[in-house]
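Here chain A shows up in two complexes: once beside chain B, once beside chain C.
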Partner chain A sequence: MRVARRALAGLFAAPALAQAAPVVVVVGGGFGGASCARALRRNGLAVTLVEPHATYTACPFSNTVIAGLRPMERQRFGYGALRDQGIGVAHQAATGVDATARRVTLADGSVLPYDRLVLSPGIALRFDALAGYDEAAAEVMPHAWHAGAQTELLRARLEAMEDGGTVVLTVPANPYRCPPGPYERASLVAHYLRTRKPRSKLLVLDAKDAFSKQRLFEAAWAALYPGLLEYVPLSGGGRVTGVNLAAREVVTEFGNHAGDVVNVIPPQRAGDIARIAGTADRSGWCPVDPASFESRLVPNVHVIGDACIAGAMPKSAFAANAQARVCADAITRLLRGAPVPEPRLLNTCYSLVGPGYGISVAGVYRAVEGVLADSPGAGGISPLDAPPAFREAEALYAEDWFATITADAFG
Partner chain B sequence: MAPRLALSLLLQAMPAFAGEAPPGASSCLGCHSPARADGAIPSLRGRDPAEVAALLRAYRDGTAPATVMDRLARGFSEAESRAIAAWVVR
Partner chain C sequence: MARVLLNIPRSARPGEVVTIRTLIQHGMETGYRPGADGEVLPRDILRRFTATYDGAEVFAAELSPAIAANPFLSFALVATRTAPLVLRWQGDNGFDQTETREITVAP
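For the complex of A and B:
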């Protein structure tokens, strides 16, 4: 078997084999993986990041791209700063994990040995969940839930729609990436329609009855987009079971809804390598120890970010970055034979309901019986009665958070 | 058994490497960048740890105006807040 020495950046020539400094391999170069690789390297460990794409396209703020409020270029990030930091970066897909031999196999057949492995593969969209909604259908009815070409496709569809058209947006049941994201998208699409195509309608079909920051979103919709945005919850027949591509319809148990633009956000699971590595359970997501983020199913393999089951912590970029830091410190301790302390993590998620109108949800998490739970008395959503200056400040902080989190992950 | 327990508690409290964050502290850097000084959200690098701890106390008590810091500060005790403040200003 060929060992990919080049990917180990020369500095750390196959140390796992040579009994030298321990090696950590990180699979996935998003907010979780890139942040974790950098934190591990800062702790003095030899790190290789495995990520097939040379450019990362960020999901947070991609809804503003869809609404025409932000250029796509501001969503794109590279890995140069990671290389400069001494992290080996292999632009390959990870195709296999041998947890007994502690080796990762890459698409080109090369093999990376590890002492500890971090999987941060994000989500995979379940193209088997909604009848008729497969990868080909996503070219007609974009999901735009992986940022990139799909984001631009949905943007183009909205731009091409005539005034007076109907946009249909479908939302899955929990859990999925970015719990408030579909409602931010609904808000910003409504903003685009109100300002550019005011005779149009937006129909939001939801597979659940309650959602993140619900009262804040609903108050904003009533104030900003009355008569334009119609929200249909599960109890109103909002659960979509399939699509009819030819008729541009989505299918529910109570009838079909046609749209000139149809945005289907399908159910999701952990990214493929999580399942290949044996870290995903029957839910499709990965149970982990809340202090170290080590897999409950596969030793020496850690899972962070959207792919892991983090209890009360949402699947957000902020959470992935926070988990990355805690996981990196835990791995550093484990490799030194030190105990891992009780975890405490934060999350803050901002959503824009319109330009200059931001809302947030925050949480503080601790381990309770092996699961991350909300700290009593902490966290919660922005006040319902906040003045406009408060909403403006939160919109500004959202932008600032994005600048900080992307600088931390990608330099 | 008592000495062994004491030793294990000591090990628990001891950082395994330089600069290790106390519980909860590393998450702060998700918004408070130590590298960016021009942000709307202030960097905490170089601030007086006693001042940061006092702010956390005021957010926790609801006596300082806040958007999100009141919701976060309520998740930590005075001792935890002081440990976070001492680390986050590095």
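For the complex of A and C:
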């Protein structure tokens, strides 16, 4: 039986490859999707990228836009380099996936057949998680967790606030996009307030007691923003359960907190197409094989980036880019009938706690019993007692990191 | 003294069901976890929580090593008349803390 099946597979696979290059459709044009499409195309596959927006607005560094340290234009990237490379780009939303027939349906009704499908839809914000916080509420209390109009809205709110006002920033429980992001944002908002509106206050309400680079952030806050930034963890009553729009308040189990500017970062799940395709489980995220990023629930569909459950790997642009390249390599091998090797993945994450003050964390990940786990002894975190020159250098490395990763993803 | 967060209504109507929320900052050390030196850290948990309203016990909980640090407990009671609500946490190493709040009941 096994021999017969192998012989049959050989019979069918060889002519199919001879007739036409296998087709891969990639849904989502962020760091994961764009990087993956480019890597697949470099391997000689026919690739179509499905992304509704003509321009991508990057989340990394968008906190510096909110703090007025960087123009929004530098966050925007187009898909011209992908087209030049021979990647088909469809500016459409994907609305359906037929995993049996291997077809993706787009918003305009057109249908794309695929041999392998890559979903890189990023996150969707859960507007059902906090009482009173729906899409309309996000126009009053911006989340700014999708870069773009929301980033500019939060920026405008901060600019319009009078000196002496209170800014409230709420942080969800794990998992969510960019684990250190809320604390970088808190740092840079505190910097804006200290330099421009020094009588103001920033209240950070967190649904957790511990977070990424915590000691580095807390040391920086004590040094740079004493008396301005107040951090309330879960054990201090920091978990936000809802909002009261009329009173401009957020609601916790132990009382309400009013803010002149309220930034609610709500809980999240995988982007919509992940659920539509059946790749998301009850957690709202997508379980995958750590070597190929193929969905554990739907065959021939791969999920990368923030949407997938990547074990110890955080949901970051760098992680999405690393996963994209591993996934592209695995898909190329699978389509050629070659074995998929055990991957090693890397993540590096820089955070700015003020201009010229950068901190970083790096990790190396490998598959252990079907889950991506930290490689012990690899990676590292910025030292707690480093001279200003070291922090300044890390802030410059962060800029270099952004230039490198956006060049890899968007050309 | 551990830090305690409470959400208890100051007043209620007779017969009203009110929700009480409590959080106490406590490490809830399980007794199974090795410390930095490799030695198992001795158990230090809260073991019992009681709520007494108008002299009668209205809610109690037995806590165990599987319960996370900083236990959050929430329960409801029927406000019958103006009386103190006494909340008490007891645990290992002689831990014993009491918080008292008056609930004013008026139509």
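Assume the second predicted complex is superposed on the first by the 392 of 411 C-alpha atoms of A that agree within 3 Å, B and C clash if a C-alpha of one lies under 4 Å from a C-alpha of the other, contacts with A are read in each partner's own complex, and residues count from 1 in each chain.
As a convention for this text, a contact is a pair of C-beta atoms (placed from the backbone, for glycine too) under 8 Å apart; a residue touches a chain by one contact, two chains touch by 3 or more.
Nothing here was measured: the structure is a model prediction, and the numbers come from that model.
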item: Clash or fit (per the criteria above) of chain B with chain C on chain A; value: fit
item: First, second, both or neither for A:26, with chain B first and chain C second; value: neither
item: Residue contacts with chain A in the superposition, chain B compared against chain C; value: B
item: First, second, both or neither for A:209, with chain B first and chain C second; value: second
item: Which of chain B and chain C A:65 touches, first, second, both or neither; value: neither
item: Which of chain B and chain C A:237 touches, first, second, both or neither; value: second
item: Partner chain in contact with A:255 - chain B first, chain C second, else both or neither; value: second
item: Chain B versus chain C as contact partner of A:154, first or second or both or neither; value: neither
item: Touched partner set for A:119, first chain B, second chain C, both or neither; value: neither
item: First (chain B), second (chain C), both or neither touched by A:280; value: neither
item: Where chain B and chain C come nearest after superposition, their Cα distance in Å; value: 21
item: Touching both chain B and chain C, residues of chain A; value: none
item: In the complex with chain B, residue positions of chain A that touch it; value: 43-44, 318, 321-322, 325-326, 329, 332-333, 336, 338-339, 341-348, 360, 362, 364, 366, 375, 377-380, 382, 390, 393-394, 396-397, 399-401, 403-405, 407-408
item: Residue ranges of chain B touching chain A (in the complex, touch as defined); value: 8, 11-12, 14, 16-17, 20-21, 23-24, 26-33, 35-36, 39-41, 67-68, 71-76, 80
item: Interfacial residue positions of chain C with respect to chain A in the complex; value: 3, 5-7, 21, 23, 25, 69-70, 72, 74
item: Chain A residues touching chain C - in the complex, by the definition given at the top; value: 209, 234-237, 253-255
